[in-house]
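Chain naming follows the written order as A, B and C, and within any one chain the residues start at number 1.
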Amino acid sequence: MTSLTDFIFGPLAYPFMIRGLIAAVIVGVVCAVVGSYMVLRGMAFFGDALAHTVMPGVAVGYLIHGRASGPLFWWGLATAVLASVTIGSLSKRARIKEDTAIGIVFAGMFALGIALISTVQSYTVDLTHFLFGDVLGVAWSDIWLTGGFGMLVIATIVLFYKEFLIVSFDPTLAATQRLPVNVFYYLMLVLIAIAIMVALQTVGVALMLAMMVTPAATAYLLTSRLPSMMLVAALIGAASGVLGLYLSYHAEMASGAAIVLVATLFFVLAFLFAPRRGIVWRHSED
Amino acid sequence: MLRNVLGISMRRLQTLASALLLMAMVGFLSACAAAQPGASALTEDQSETQTQSQTSKLKVVATTTIVGDVVKQIGGDLIELTVLMQPGVDPHSFAFTPQHVVKVGEADLVFMNGVELEAFMDDLLTNAATKAELVSVSQDVKLLRVAEEHDHDAEHEDEHEADHEHEADHEHEHEGETHNEGDGHAHQHGEFDPHVWWNVANVQAWSDTIAQALAKADPANAEQYNEQAARYKAELSALDSWIKERVAELPASERKLVTDHDAFGYLADTYGFELVGTVLPNVNTLSEPSAQELAKLHDTIQEQQIKAIFVGSTVNPALAQRIADDTGIKVITTYTDSLGKPDSDAATYIDFMRSTINTIVDGLR
Amino acid sequence: MDYAKYVSPFSSIQWYTKSLWTSQPEPAPYLTKVLAQRYANYSFGCSFTKGNGMGALDLQDDMDWPMIASVPTTLDPILRVADLQVRYHNGVALGSLAFEIERGERIAIVGPNGAGKSTLLKSIAGLLKPTTGSIQLNCKQDDTRLSIAYVPQRSDVDWSFPVNVSDVVMMGLTGRLGLLRWPRASHRALVARCLERVGMQDFAKRQIGELSGGQQQRVFIARALAQEAELLLMDEPLTGLDIRSQETIFKILDDLKEQGVTVLVSTHDLNQAAERFDRVMLLNKTLLGFGDADSIFTPQRLAAAYGGHLRVIQTGDSVVMLEDGYCGARESETV
């Protein structure tokens, strides 16, 4: 059917669509894999907060370099890594719960960023919106960057899979096996920071967060083992990206919102119909 | 044990890192504050500083740099002028400081652009509890409705003459669609486009309004105000002619404008440009275009052989840059909502207009 | 009286009696049969005490009260604790502990909630660092590396984590595999064997949340087997299990004992502690006794451990001691 061919291949005539699809797939996969750990350890708030803690770093970079987006990325990345390690160390050492530590660091750093900008010019624009991305606006250089870091993150998770598994599931076992628990704890935080920063640069704040959490939560309902959970999450993340962009094209919807809506729809379907865990299933068992 | 060693050094490292981060931030903060002489200070009229305090001078406050410049041209040395915004500031997301409140409180007269450009005005006036009279310089200007984004058939909306009424008896197809008033950064338009300064005739109307208000507040100098207004209006007429000449250098088919967002309504309407498309679908920087809208823009640029996308300084140019790269055209930056710094080529309104027109015309050749 | 039917597997079942001295007292729900028989020949003047402090018990024989009540004959301590103290932000969890444990022993650690049983086990496992003092392992050998397995309290485990039974046992091999190594067929075979030894081979692919309490314990024991642990620490493994499950666990522990694995188990069940374990450690932030049950389960020590939360009931000729958590029970330590 020509209309079906048009439907699928029409958008591909535009280079920005092709780049957008590639970026969405890469970000979807990387975020889903990292997001699996975040979902299991209850770190969704951490992810959101981290996206905002990059503000002062980006602000400093902006003051020094102007609007060139290259250096800003590195400033943001350094800040994200530093912030995540700080939050991790606060919640481990002090009597502060992780939740509280996140709130403190997040609000403080965000305010610092705004203050830095506002002392120089009198508009207190939220730079994260100003500087961070839109999946339709990725350049090929962004894709290389995203792809490179994405591969680094996934390779690390795969290589140290069993260590991360133990540290997440049973830290005492890790201690009895003389595993350096702290090293892997902080390594995971750094990986999360990298994934967040890369996704932020590519697709923006709201989309990044949804890509971290929603596909992983959906996969959690559908699988019972961690490797399959990460795989299913990655597939759902990629599928949400592709379908979302097509939706944006054919239904004239904002691209980021479309992707998030598709991902959420997947979650709702799983929530209702997942075997053994879905609501509908459980009702029919009664 | 290795674990112990790692544990201890990680802790020291974290404490050190946190301390360094804090110190670095504080260091930058103070350095920046020190490096910017009076960063949030207000731009005072230069001629004021050389005199002893002349309490008889009218205290005038202007909101935007553009309004401020026109007021300065007319008021000159006879007034004590303070402009709230610095060059380069986006009027739509401007946030006032306590110093601004004080200045407004002391003022006799406050000039603003009007047409809902200054969203902060109500709050500022409430806080200042001023005795000043508030004058919207655009009160006598013939306003255009906010332009709708054109589809790639490029039907004109704004090709109407300057003496149409601005009420609802426009007989046009794509009429009067108000944009979404998004939150966050926004040109928070009502129904009318506030960027009236792109039509020089409007600024002439401003001059009259300003002269009138100054004369009323300071009758002793009324004559001078009116003289200076007349002189300035003559300069503006010359500017208007000059603009028309420059635009005439472009053949009618070459006057198509693609911009990052919707800022040039009056420019297009008055001087014969055609607004073909925008990158962002409405004037809210939080908005994102859908893939289809971008695709249509892409097609439009190719079909109509657009030469450049014009962007201002308040929107992330990344999207515009991508489309430009994909279609092989340029991205050109222009001044939009604010004058440039005093040492730039857009320090006054007239220079600002010249610079922008030159950039546009040269870019479209 | 047949007390057997009142032997309750549930720890800390609280029971109040209004009248101590009624002629027909209610049989207590929580009975320690052994104690009842042991003290059948004593007559006590008993009284309730509330709050801390020792019970005012008059005993006919004068008890001399060493902390370590008995020492086994073979001297090959697998674990030596000296002057151990563990502090948390809100106070001391454990203070001045000193004891030795021999290889192959099966030790029960008893004490009220908040006594520091979990803290002690976690310190031995290496998860918590002592504030002062030392924990020495494998004292006679030159090599102080000891393979330790810790079986956590069921409430400390995230049962919804997406791992199945095999995955949990395989985790025990992580240390042995080393970094950047993957499990091979031989490792998987080892996991299968460990599951067989605890009788869980049919459940290999079940997600851990789908298991019953006893099955969950057995999975963690299988993990300990995979670790080839020489020292097994179990935090309240029998709590909440029915008798059959408990017996299954004990059978496995007997099996382990034959192989010379040292086992430390914290429990609330004094009866079991007395009957099924070599030595008993009575703990309430400090060491109140360590030795065979006869010497440790004396009214004086028990009162010191359980404080005012111990009720002494005279039922006919015999006396029973009840742990009472109703009034002002201390919160269990959150670790």
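Remarks
FYI, a contact is a pair of C-beta atoms (placed from the backbone, for glycine too) under 8 Å apart; a residue touches a chain by one contact, two chains touch by 3 or more.
Just so it is clear, the model here is predicted, and its values are computed rather than measured.
At the centre of the protein atoms shown, by the Cα-centroid criterion, sits A.
Of the two chain pairs examined here, A-C and A-B, the one linked by more C-beta pairs in contact is A-B.
Our note on geometry: subunit B versus subunit C, Cα centroid distance of 75 Å, whole angstroms. Separating the centre of subunit A from that of subunit C, both taken as means of CA atoms, is a distance of 44 Å. Annotation: 36 Å between the Cα-based centres of subunit A and subunit B. Multi-chain contact residues, meaning those touching two or more other chains, occur in subunit A at positions 175, 178-179. Multi-chain contact residues of subunit C (touching two or more other chains) are absent. Annotation for subunit B: no residues touch two or more other chains.
Interface of subunit B with subunit A (complex): residues 1-3, 6-7, 10-11, 14-15, 17-18, 21, 25, 28-29, 32-33, 36, 39-40, 85-86, 88-90, 93-95, 97, 184-185, 285-295, 298, 316, 318-319, 321-323, 325-326. On the side of subunit A, the complex with subunit B involves touching residues 11, 14-17, 19-20, 56, 60, 63, 69, 82, 85-86, 88-89, 93, 112, 115-116, 119-126, 129-131, 133-134, 136-139, 175, 178-183, 186, 245, 248-258.
If you check the complex, the residues on subunit C that touch subunit A are 89, 122, 125-127, 148-150, 152, 157-158, 161-164, 167, 170-172, 174-175, 177, 179-180, 207, 223, 227. For subunit A in complex with subunit C, the touching residues are 40, 95, 159-160, 162-163, 165-166, 168-173, 175-179, 220, 223-226, 228-229.
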